Every structure is written in C-alpha cells, then in structure tokens.
Amino acid sequence: MDGPPIAARGLRRNWSGRPVLAGLDLVVEPGELVALYGANGAGKSTLLRVLGTLLRPTGGELRLFGCDVRRGTIAARQRLGWVGHDTACYPDLTGRENLEFHASLHGLARAGARVDALLAWAGLEGAARTPVRSYSRGMAQRLTLARALVHEPALLLFDEPFSGLDTEFAARLAALLAEHCERGGAAIVSAHDESRLAAIASRTVTLVAGRLREG
Amino acid sequence: MVLRTALAILAKDLRIEARTREGLASALVLGVLLVLVFSVAHDAPADRAPSLAPAVLWVTFVFTGLLGVQRSFVLEREHDALAGLLVAPVDAAALFFGKLAGNMLLLGVMQAIVLPLVAVLLHVELWAALPALLVVLLLGNLGFAALATLFAAITVRARAREVMLPVLLLPLLVPVLIGGVKATQAILVAGLAAAREPLGVIAAFDVIVTVAGVLLFEQVVRE
Amino acid sequence: MRVVDVLLPWLAGTLMLAALGLIFVVVPSEAQMGVVQRIFYVHVPCAWAAYAGFVLVAGASVAYLATGRPAADRLAVAAAEVGVLFCSLVLVTGPIWARPIWGVWWTWDPRLTMTVILWAIYAGYLLLRSFGGEEDAVARWAAVLGIVGVLVIPVIRVSVRLLHGIHPAVLTTREGSSGLADPTMRLTLAVSSAAVLALALWLVRSRVRLAALGASASRLRRELEAREGATA
C-alpha cells in the first residue's frame, strides 16, 4: 500500500445526472502544496469530498497512497485530514471533547498532550471547556482545522480553510501548511482567490468544466 | 477495534444526550401521552386488561422508538458531523453498532417508564412476569433498533423525513409487533415457556435484520 | 426495440384470450363455492406475480449496489411499479371473492394480512423514490429497502401465522373438495398463470424502456444545452 498521495485518472462524479467532475486527472506527490481555484459552483468542494472518500466516484480511477478507493478506503482515511465548509463537530460538546472524540476515532490512545498542543495552536485553550455552539465563526474554523490535524495526517484536503480566520491565525495556518509540505506531507487547499495561499503554494490548478487546468 | 470505536460513538452520543436531554425527554413525554390516550380511548374493564395491555405497550414502544431513533441521526446532520465520522478510519459496522446500542438504551429507558404506567392505568399485574418480559423486550428492542438505525440513516437525508421513517419501517416491523404482543400475552397468562414460538420469530428477525444492517449500512451512509 | 418487444404483447394477448376462454367457458364450476370461485384463476396468478415482482426488485437492487449501473436501478423501479399493480389486483379480487362466500369483505387471516403488508412495503419503496428528494443517493437507499424487504418477508409470513385466519388452503390441502383435483382446473390455472406472467414481463419491459428513453432524452438535452452554451 504505497504510492503518491493522490493519483486520479478520468475521475467522474455526477450530481442529479449532471457531471460535476468530468474525467479529471490529478497526481499529487509528497511535498506538494496544491492551490485549487475555481468559480463558485465549479465543483471544488465536490472534488475535495471525493478525494476525502466522502463521495464515491461515479467513474474513473482514484488511488490514495496507492489504494484503489473502490477496494476500501479505511487505510487511506488514516492518512488524510479533511476540512469542509462546516465544522464536522458536535455543537453540544466542548472543543476539547470534540478533539478527544476524533482522536479516539483514529485510535490514538493517550491523546491528551496532542489535544492540548492543538488547542494551543488554535488559540482555543480558554474556550476548550465550553460547548462549540457558543464559538464564534473564527473559533469554529480553528477547531475544525484542529480536528483535521489531530492524527497528523500525511495528506491535507482543505476546502477554503482561511475563511473566517483573522490575520494572525491565517498566518499560522499558512506557516503550518508550508511546514507540513516541507516535511514531506501533501496538501490541496481550495480558495476563491487567496494571495496568502499563492505565496506558499508549489503548484496551482483551476477547476473548469469538470476538469483541472494547471496554472 | 470495531467494538472500541462503537463504544466511543456510544459514549459520545450519551454525553450529548446528557447535556441536552432532548431525545429522552421527548421520547418519555410521547410514551406517556400515548399510554394515556390509549387508556382513555379504550376504557376496558379489568378482566379484559390482559389482552389490551400488550397491544398498548408495543404500539407505544414502536411509535416512541421511531421518534427517538430519528433523533440519533439528526444530530449527525448538524454541522456535517457525519462527515467527521466518515472521513475517519471508522468501519461502517462500528458506526452502526454504536448507534444501535444508543437506540436500544433509549428504548430501554423509555420502556422502564411506560411499563409501570401501563400496569397502573390498565390494572395489569406485570411485576411477577418482569424477568420474562425483559427477555421479550430485549429481543424486540434489538430487532427494532437494528432496522430503525439502518433506515433512520436513510430518512434523515430524505425529504418528508418525519413521515418517511414510519412509512418505510412499520410494514417491516410487523414481526416485532406481532411477536412482541403475542409473547407478552402468553407470558402474562402462562409464563415464559408459552411464549417460545413468538420469541423464536423475533429472534429470527433479529438475526436477519442485524446482519443485513451491518452489511448494508456502508451503502446507506456513504454517498 | 427488440424482437421480444413485439413478441411479448402478442404472447400475453393470446394467452390472456385463451385463459379467459378457459375460465368462462370451459372449466367447470367448483363444487362448494360455485361460479364466484372462477376469480381464483386470476387472483392466485396475480399473487404470484406480486411476490415475483418483489424478488425481482431485490435482485435488481443487489445488481445496482454491486455494479452501480443505472439499468439495474431502472429495472428495480419497473419491477416495483408492476409489482404494486398486481398486489393491488390481489387485494381487489380477494374481497370480491370473499364477500359471497364468507359473508365479509375482509378478514385478518395470514394470507390476506401478508398481501397487505407486501403492498405497504411496495408503497413505501415507491414513496421513497418519489419523495425521497433529488439526490442521486435515493436509488441507493431504495435498493437497500428492496433488499431488506425481501429478507424480512419470510419472517413476516411466519409471524403473521401467529394470528388466526380462514383463508382457503386451495393448493395445499389433501381433501378433494377444495383442492384442484380436476385436470381442467389445473390447466386453466396454468394457462392463466402464463398469461399473467407474460403480461407482467411485458409491463416491466415497457417500463424499463420508458425509463431508458427518458434518461437518454435528458442526456441529449444536456448535451444540446452545453453545445448552445459553448457557441453563444
């Protein structure tokens, strides 16, 4: 079970009969930080959900770390972290409880230290014991990022992660992404138009008519 | 690993329930209301109570259970929480068992309130038969919860959600309903041994539905 | 349009005429129940078609989940629609038969109860497809329902026998009077069963073709829109 973090060929995904992804090819190697651009509704979120194994491809081939997603995705899911438009956290649980829960889903035995470190990075130590329901937009976004990072994944799939972040945390995120890829991790980050992203990205792709165009 | 993850999911659901108390409260209120309505609508004399009580019990359990099970997935829809579960290396079976266990617990707590209420309002002696009744309830709850968990995962995303779950589930729940009522009747009259046939039916139903649920849950929960 | 699409309606029509001839002209009246009993030759094959329809729904559902091919999904829907039709016919012909003989329009006996439940499962399936929403996942959900339904139906049958009933055990009894001792009766049942089967197959086939044409039409419309959008 090994191969490039992402190897997609002829990837297709329909929605109500309409092709959102229409024969898309993409290879992402370790160390690459790919900026994903595209108009609203172009399908960036759909692409990231398919790559995150949340949606099955309608056609084509997708291999994550060499595993064919049609044959099972559990191994791949151990090594990827996904952030979508919503927090994927439970509003009635506290920030700490959410992180500890996701750590346990990844089989991390003594996650206390890791959770503490993430809460500190996200600037949520003070709010760690309050329910997520009371978090501001920025706080919720930082918690979502922490959730995705709790198991130190090799592949990051982030859908507009900078939205809702103030300058300081946007800088922290950019630094984290850069460091992650320097250490051999891979990442695809989508954005509308993010100059901060362009500065650190090693590569840019644009989603147009269901396919990716370099640059 | 599957068991550990299922327990983690169960623990998470219990913690949320302890915080909000929404699911249990609505299930209890509905259960009590249904029993009251049945008692008032069918004002049976005491000697006919043994044949009425099992029907009242099981209809109440089914309708209250439908409400409770639906909620266990509604909370996963908020803020796309289910995506968090699906993107983690969690086997769909673990998710199924975690939700199943939570639903069985909810049913059990609701039944613990409804049973004494029915005993009081319908003048039925349930205490002596309690151990035998627990067997019926356990078997019935398992089959109900397994089927309901599988379908609640479907209907939570479908339109017309509130009516869709009962419409899909009620015909399929007939074995639990008939088996439960017949077994309860037999137990109240003659004891556990007399209920062997209906209990066997429920047990067969449980096996089929649980296995089907585990195998098909992945199909339902991942698009 | 294949050969079978021309053959099936002719076959069904011919068999149906033959069956009607047998039922109304040739076959003798049953000893105990009289003329009304003839409805049995329609009632029973419809019941078989209703059950077979569900098995087909389940089979197509398994195929759809395994392969993801839209054709399998179209077959499942067609089988469900045709199945619910024949199930409804059973529920209509049953009371018509029952009223003169047992004096009631309906009883809660095992066979009738079973048919009502089967109808309810079918109806749920079709309701899910109609009102489940726009998502592509609806086909997958319906497939799960189809599979679970067919697995649970045997248990439902057994559980329903725990109730009490008076349905005539026409085909399983060993007594001569309500069994099919007369070879003409057996022939009539066989022919009408074949007629109903041919009719059911033709309806399913037509429904599948209709769905396939609809899908092609949608696809062509989209391609046309895309082309117009590109040249605009």
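Each chain carries a letter (A, B and C) given by its place in the written order, and its residues are counted from 1.
The rule we apply is simple: a residue touches a chain if its C-beta (ideal position, glycine included) is under 8 Å from a C-beta of that chain, and two chains touch if they have at least 3 such contacts.
These numbers come from a predicted model, not from an experiment.
If you draw each protein chain as a dot and join the dots that touch, every dot ends up joined to every other dot. More C-beta pairs touch across one of A-B and A-C than the other; that pair is A-B.
Distance from each chain's C-alpha mean to the overall C-alpha mean is smallest for B. Between chain B and chain C, the centres computed from C-alpha atoms are 32 Å apart. Spacing of chain A relative to chain B, judged by their CA centroids, is 37 angstrom. Per-chain Cα centroids separate chain A from chain C by 48 Å.
Annotation for chain C: residues touching 2 or more other chains are 135-136.
In chain B, 223 are the positions where the chain touches two or more neighbouring chains simultaneously. Residues of chain B that touch chain A in their complex: 1, 4-5, 8, 12, 15-16, 19-20, 75, 78-91, 222-223. Chain contact summary for the complex, chain C toward chain B: residues 65, 117-118, 120-121, 123-124, 127-128, 131-133, 135-138, 140-141, 143-145, 147-149, 151-152, 155-156, 158-160, 162-163. The residues of chain B lying in touch with chain C in their complex are 147, 150-151, 154, 157-160, 164, 167-168, 170-172, 174-175, 178-179, 182, 197-198, 201, 204-205, 208-209, 212, 216, 219-220, 223.
The residues of chain A lying in touch with chain C in their complex are 14-18, 58. Residue ranges of chain A in contact with chain B, taken from their complex: 49, 52-56, 74-75, 77-78, 80-82, 84-93, 97, 101-102, 104-107, 131, 147.
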